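Below, each structure is written out as structure tokens.
Each of the next two complexes has chain A plus one other chain: chain B in the first, chain C in the second.
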Partner chain A sequence: MRVTHTRWLLSLLKTLPVSLLCAGFGFMAYMGMMGDLGYDHTLFGISIVITWAFISTLFFLMVHTGKTDRYRAILFIAYAVLFSIGFIANNIANRGAMFFTEQDIARCEIPFCHIATTMMLLPMAVGKTLLFPGSLSAILSMVILAVITALVLGRGFCGYVCFYGGLEDGCSRLSKKAKIKGINPKWSLIPFAVLITSMLTTLAALSPTYCFWACPFKAVTEYEKIVNPIVLIQTIIFLVLFIGLVVVLPILTKKRTQCSFLCPFGAMMSLCNPINPFTIRIDTEKCTGCRRCIQVCPTFSLTHESLQTGKPRINCTKCGKCVDACPRGAIHYHIRGTCPDRGHEAKRLIFLHAAFILLIAVGAPSIADGLYRILHLIVAGSFV
Partner chain B sequence: MEGFLLGLGSGTACMAYCYPVLLPYMLSEGKDLRQGYGRLALFLTGRLIGYIAIGAVAGAVGGLLDGEVSSLIASGATLLIAVLLILRPLLRKRHRRDALCTRQPQPVFSQGWYFPLLLGLCTGLSICPPFLMGITRAFAAGGIWQGVVFFIFFYSGTLVYFLPLPLAGLVGKKIDIGFIADIAMVLMGLYYLYRAIITLIPLI
Partner chain C sequence: MRLKRILSILWVIALFALLIGGLFTLGNGVAALKEAGFHIHPVYTQE
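And now, the complex of A and B:
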């Protein structure tokens, strides 16, 4: 009994830093958003408390049970859904519609997301130019976020911090068994080609081509008002990509297909994977080759070769699904430069703390905002 | 000297116009630096031939070409770039497979001396702002030979920005860069196809 109590207390203690950080960010969000947006005090306060309790509880469960992906997924999916709700509601509150117009583009009032940073790099390096119709502060904050995340988490960004990833992660968990199997992992190299193409076409066209032509997440954030045939084609493309890669294919394959086959930001973060401290390691002596990890990996990051070398492919999102699924406990989080045979749980905790610090900094206000919109809907009958 | 500096100054614009065509191709062709610089030289030769052709026509008509004619030439060249970029990976894959089946040396197209030449020619013909700037200044140089010399120096100035390109083939130790470059070429081809269609529609 005493052992159980001690374990609970230890888990609570390990959760404390994340919980305090979350409370701090919640307070800052409360103070900031109240002034700017004129939110209802009580409702927004409640949504912040729920956000704090939600994140703290899930982190506690991760620490206490030793399972990573099971609880990460709940938070990640809720984060993506609530982000979309909050984003769309804010657009409707500010502009009166989900779409933006050419006037909004001319006024540089288009919100900037992390995926667009990939396109900005080449024009910034070559022409010292920012090619995005957004505010400078938003662009700079996203660039800083991308750099910090690249150094700290690498492609772990896509498993914890990305505010879109949870949508397809959620869809990939809807079916019990994959209907489409045996996809060649080589296709997961396509995002690198998309990265190269989007950078070069942005440089050539002097406009963020990926955002206008290929981003599927416009379906759950904002899109350009259809005023001509070109915008109509762009709208059809993003809807097809969203339905295909974010909804249908994840259900059929149980994989994150948009992240695996399209996202240029994921490709950029994959390139940063080798330079950040955290990685996943497979104990080749413990591994029996049951291939369960290959089967569950949502991003084609594990192959037969990975089981032999003990290392995942470059595009690993460190989501922990393979760590949870391995029946022999042969897969674990690892910090480069440390002994690979010891301290697996401590390394997992250090990684989770790093990931949650970034998740809270980026995601907690979005979660609170989305919750506020839902509470507002319940109480006042309207999102805005 | 003025021509060289002008070329050097407009190099970033040259990169914006030529890198999208050239980079995926250079990436797809592997890591041999000597061959890489050879391909680059062929591309640049093709581009120069394109410029000379435009310059000669412009000289023959006694000034810069009519807007509609130059747009038509540029759109046609862009369309050809699109076709080349889309077909190149597909044809090369087929030839590679045939070569493996018959155990014969790869055919000329896949070893490709004329592919970069043709790509460069089309790029040269799809008139870009740096070229327009160079040729306008060349026309104002005061005579045919002064104009030619000015343009040669201008062209040399822009070349500096192309020198690092063959090094791109050196990346990709951990990932299959050839496959990525092939996909990128097809995607770039689709982009150029779109650009060609958009500019051709008003002309037809």
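And now, the complex of A and C:
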């Protein structure tokens, strides 16, 4: 009995830094967003407290149970859904509609997301110029965040911090068994081609080509008002990509297909994975070759080769699904340069702290905002 | 091996410092980049 109590207490203590940080960011968001947006004080305060309790509880459960992906997925999916609700509601509150117009582009009032960062790097490096019709502060903040993320998490960003990934992660969990199997992992090289193509075409066209032509998430955030056939074609492409890569294919394959086959930001983060200290390691002596990890990996990061070398491919998102699924406990989080046979739990916790610090900084305000909109719907009968 | 381990630990500590420091001084970083001359391309700023 005493041992159980001590374990609970230890888990609570390990949760404390993340919980305090979340409370701090919640307070900052409360003070910052209230003035700008004119939110209802009580409702926004309640949504921040729920966000704090939600994140702290899930982190506690991760620490206490030793399971990563089960609780990460709950947080990640809720985060993506609430982000979309908050984003669309804010657009409607500010512009009166989900779409933006050519005037909004001309006034540089288009919100900027991390995926567009990939297209900003070359023009920034060449001529200190940003090719995006958005606020300079917002774009520079996102670029700095992307650099920090690349160094600290690598592609772990896609498993913890991305505000879109949870949508396809959620869809990939809707079916019990994969209907489409045996996809060649080499298809996951496509995002690197998308990354290079979008960077070069952005430079050539002086326009963020991926954002205007190939972003599936326009369907759940914002899109240009359809005023001519070109915008109509762009909107159809967005919808087809969203339905295909974020909804249908994840259900059929139980994989994150947009992240695996399209996202240029994921490709950029994959390139940063080798310089990142956190990684997944497979104990080749313990591994029985049951291939359970290969089946459950949502991003084709584990192959037969990985089981022999003990290392995943560079596009690993460190989501922990394989770690939870391995029946022999042969897969664990690892910090490069340290002894691979010891301190697995400590390494997992260090990684989770890094991931949650970024998740809280980037995601907690979005979660609170989405919750506020839902509470507003319940209390006042409308999202805005 | 021992040196590699020490370097790894230092690398992780440095990254946490970068993470916390970066997040809390994000505004200063943005101001510094603006001052250094980063700007939106004129194609988008001419209404």
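Definition applied: the second predicted complex is superposed on the first by the 383 of 384 C-alpha atoms of A that agree within 3 Å, B and C clash if a C-alpha of one lies under 4 Å from a C-alpha of the other, contacts with A are read in each partner's own complex, and residues count from 1 in each chain.
Note that a residue touches a chain if its C-beta (ideal position, glycine included) is under 8 Å from a C-beta of that chain, and two chains touch if they have at least 3 such contacts.
Because the structure is predicted, anything quoted here is derived from the model rather than measured.
Taking chain B and chain C in turn and counting the residues of chain A each one touches, the greater count comes from C.
Contact with chain C, but none with chain B, is seen for A:354 once the two complexes are overlaid on the shared chain. In the superposition on chain A, contact is made by A:148 with chain C only, not with chain B. The residues of chain A shared by its contacts with chain B and with chain C are 206.
Chain A meets chain C in the complex at residues 103, 105-108, 123-124, 128-134, 136-137, 139-141, 144-145, 148, 151-152, 206-207, 277, 335-339, 350, 353-354, 357-358, 361.
Interface of chain C with chain A (complex): residues 4-5, 7-9, 11-12, 15-16, 18-20, 22-23, 26, 29-30, 33-34, 36-41, 43-47. Contact residues on chain A toward chain B in their complex (touch as defined above): 126-127, 186, 189-190, 192-194, 196-197, 200-201, 203-204, 206, 209, 230, 274, 314. Within the complex formed with chain A, the residues of chain B that make contact are 12, 15-17, 19-20, 23-24, 27, 174-176, 179-184, 187-188, 191, 198.
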